[in-house]
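Pasting the structures here.
Note that subunit A is present in both complexes that follow, paired respectively with subunit B and with subunit C.
The block that comes next holds the complex of A and B.
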């Protein structure tokens, strides 16, 4: 590696390494899962990075609301020391597009839903909520505006609300490819994301009995598994689809997920395996000394950690047995 | 006590009223019994559907809890707040012994509409929405039946009050009045007879 590149990343990788040590370790996670109630979970969290947030809230119910704020601060910290702050935007695109979906749907249906205060356009969106729908694309950064224009154009023809979500999903991944174009590692990661999302769409559509036309629209482009191959699979039953999918690089998780599905008819386990699969892939890159890999790993680990806390907390608040929580909780990074 | 002039005409009138009241009483009593029968069968149906709705809702909430554990409030809300599903609500009325009771039938589109993103939501959401759909159809039916129970109960109460009023108030009062008039008439007849006897004696003396 060139010395310039080494210098570019040396400091930030150092910072990431230091931050990584503060992620929740397996021991703490297990303690949280086995905790008696939500209060006990908070107690465990109070000794971690989440301590400040825990001190802020009166009850466990409130704590969940602070999780996005926690992530927001984490992203800000990373952006402050990282040489390519745009990289962080790649990971907050999903919040941007959540906000765009809520924004468009609010405008079109005259109803309100909550925005997530995260991402590059989080400051602009509340403002746009008040304005007219025609204003939206004028006040957004160009790449977002293009996505909104295209989706709205399609919506105006068909008046089908599904266009908004599916259309913006497709646009989001297009943007992600733009952001990720510089790094082989990110492109591979993105491709994996798309494959797993497509597999999820394929199986769920089958379960919901959706038409092939729907699938054609919903499936994402540019995955490792080509769209037309997936579409062809859709003609078969769920079983043949599973065995077809087992021929791909995701064989192990598909087989494992299918087994669980046969037992309890739920795809929760498969979805957990998907997240774990990506986490595992990122983990492999953890020991690359200089580059963006450690940072990507750290960001994904943070996101998974927040998901994990949410699952445990909601589980505890609603008295879901520890065994079941354990099944839903994603693997840790550390 | 019904005030009545003690005349033969009045007596005939009251006797006619008693006859009508008794016939009305019998009819209303039959109506009450008929309503009761219908009421009991509807109440049983109501209980059955209520139990079904409760167990379906229990399952739906259980599944929704799992959805909630894997997604944040914002994500769930954002996914489902603009639904496109269309459902048909048909209300027809059925006449049960003069009571118009509603029958509400709900039809939900056959193909499950998915207006939310399948990428950013978890599969448990599909499952819980499906369960809520099923529960909703029964809940709507339950609403119709519940209203029928309420209307029938009201009508039964009203009919029972009428039956009781006839049986315990109007008919006894009319019978009292009839007895009073006939006694009064008898009394007048006797006094008339006595007068006649006395007049006869005076004339003969």
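The block that comes next holds the complex of A and C.
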């Protein structure tokens, strides 16, 4: 088994190790956080791997889209030398499903959101936005088409627009499990993402006073926290729910996240804590010599880096003090 | 003219194993380092020199095996007039070849893994190349023990 992993991953792990040296280091990140304004952040970025992208834009406001283009290029490079190229798709599924959500919502409700030009169906979706809803499942790849049809079926019964989000999330995680089934490391990672999604659903539904039936549909299967346990918690108040959730491995995250939620009604802080927690899990990839873990670690490191730059830039554009930005910035992989 | 008997045949088998097993091991070991090295060199070609040094390390077992094989070839006169070798002596020569054959053949792929991990190390910290070499060289020790045992044993039986 071990030698199989060596055969398969020796080249790509070597390449990833060399590529990792080009990720932003702590020093650069600190400098960006302490920079005076968004222009100064771009100036720091111009000396890094992002240099070419910075040269393309005229102002910091334009840079967000450019970041997606940067990530798109990175995914393509990683895919070109990855021994299991389909594993890269596992990471771009979230953009596919974001685009599907935008698409379905634009047809079924009056919500408008921006498409992301990333993932397998990014080229098809803008065209579908213009067409009729019946066209959607015909023009999408089979697995997506089936997902869309199931969600549409459910929507036609309940007419609840939140079914679109909940249904597509469930479909997305099902597809992800298919991709991830080969690796314990990836399965654990998925479980954490599902737990986070479920906890968010639980808290939001409580706030909106959603029925238990909706929750039964919306809560995701296969997380570390079993669905029936979560459903049972929903009977109690928010406080009893958090104290129940604190009995899990996420004790500290939930205690801290719930406290912030009570103060400002936002789940952003909980999300940040979870991201840090997941980053800790991914850091283990550093100590694995051969296998897909270092490759997965590198993909996530790139995603986090882009998130981090976006957080800093948005912060600077909105004149948020450096201290506050520092609090929100996620732990990097390096 | 000495006829080729069972003794000489066994000695030949010993020499063949001493060359073939560590040689195969070294090929596997250097391949692993080469693959990881090619990955690093794709992004940072300037590290080629250090990578080559690490790739050479699991190659030494092949040399130890060849050396042992030559000692047997010279001792039995396979190149220049055959020496009479009894069946028991031939068996002893075969046994004497086993330490380098086994230790060399198995340590080379193992060393290749350590050296490939070392390649990852210098990808991030080229200044630590010395440490990467020391880690890989630790594995070398046991191949050297195999060679030493084989030479001493052959000294006694040839």
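Annotations for the structure displayed:
One rule holds for everything that comes next: the second predicted complex is superposed on the first by the 310 of 334 C-alpha atoms of A that agree within 3 Å, B and C clash if a C-alpha of one lies under 4 Å from a C-alpha of the other, contacts with A are read in each partner's own complex, and residues count from 1 in each chain.
The rule we apply is simple: a contact is a pair of C-beta atoms (placed from the backbone, for glycine too) under 8 Å apart; a residue touches a chain by one contact, two chains touch by 3 or more.
These figures come from a predicted structure and were not determined experimentally.
In the overlay built on the shared chain, the residue A:98 is in contact with subunit B alone; subunit C does not reach it. Using the contact criterion defined above for the overlaid structures, shared-chain residue A:11 touches subunit C, although it does not reach subunit B.
By the document's definition of touching, neither partner reaches A:230: not subunit B, not subunit C. In the superposition on chain A, A:289 makes contact with subunit C only, not with subunit B.
Comparing subunit B with subunit C, more residues of subunit A are touched by B. By the touch criterion stated above, A:32 is placed in contact with neither subunit B nor subunit C.
When the shared chain is aligned, subunit C comes close enough to touch A:19, but subunit B does not.
By the touch criterion defined above, A:64 lies against subunit B but remains apart from subunit C after alignment on the C-alpha atoms of chain A. Of the two partner chains, neither subunit B nor subunit C is touched by A:254. Comparing which residues of subunit A touch subunit B with which touch subunit C, the overlap is empty.
Within the complex formed with subunit A, the subunit C residues making contact are 32, 35-40, 42-44, 47, 109, 113, 116-117, 119-120, 123-124.
Across the interface of their complex, subunit C is touched by residues 3, 6, 10-22, 81, 289-290 of subunit A. Contact residues of subunit A toward subunit B in the complex are 64, 67-68, 94, 97-98, 101-102, 105, 108-109, 111-116, 160-162, 164-166, 168-169, 197, 200-201, 203-205, 207-211, 214, 218, 220, 266-268, 270-271, 307, 310-311, 314-315, 318, 320, 325, 328. Those residues of subunit B lying in contact with subunit A across their complex are 65-66, 68-70, 72-75, 77-79, 81-84, 111-120, 122-124, 126-127.
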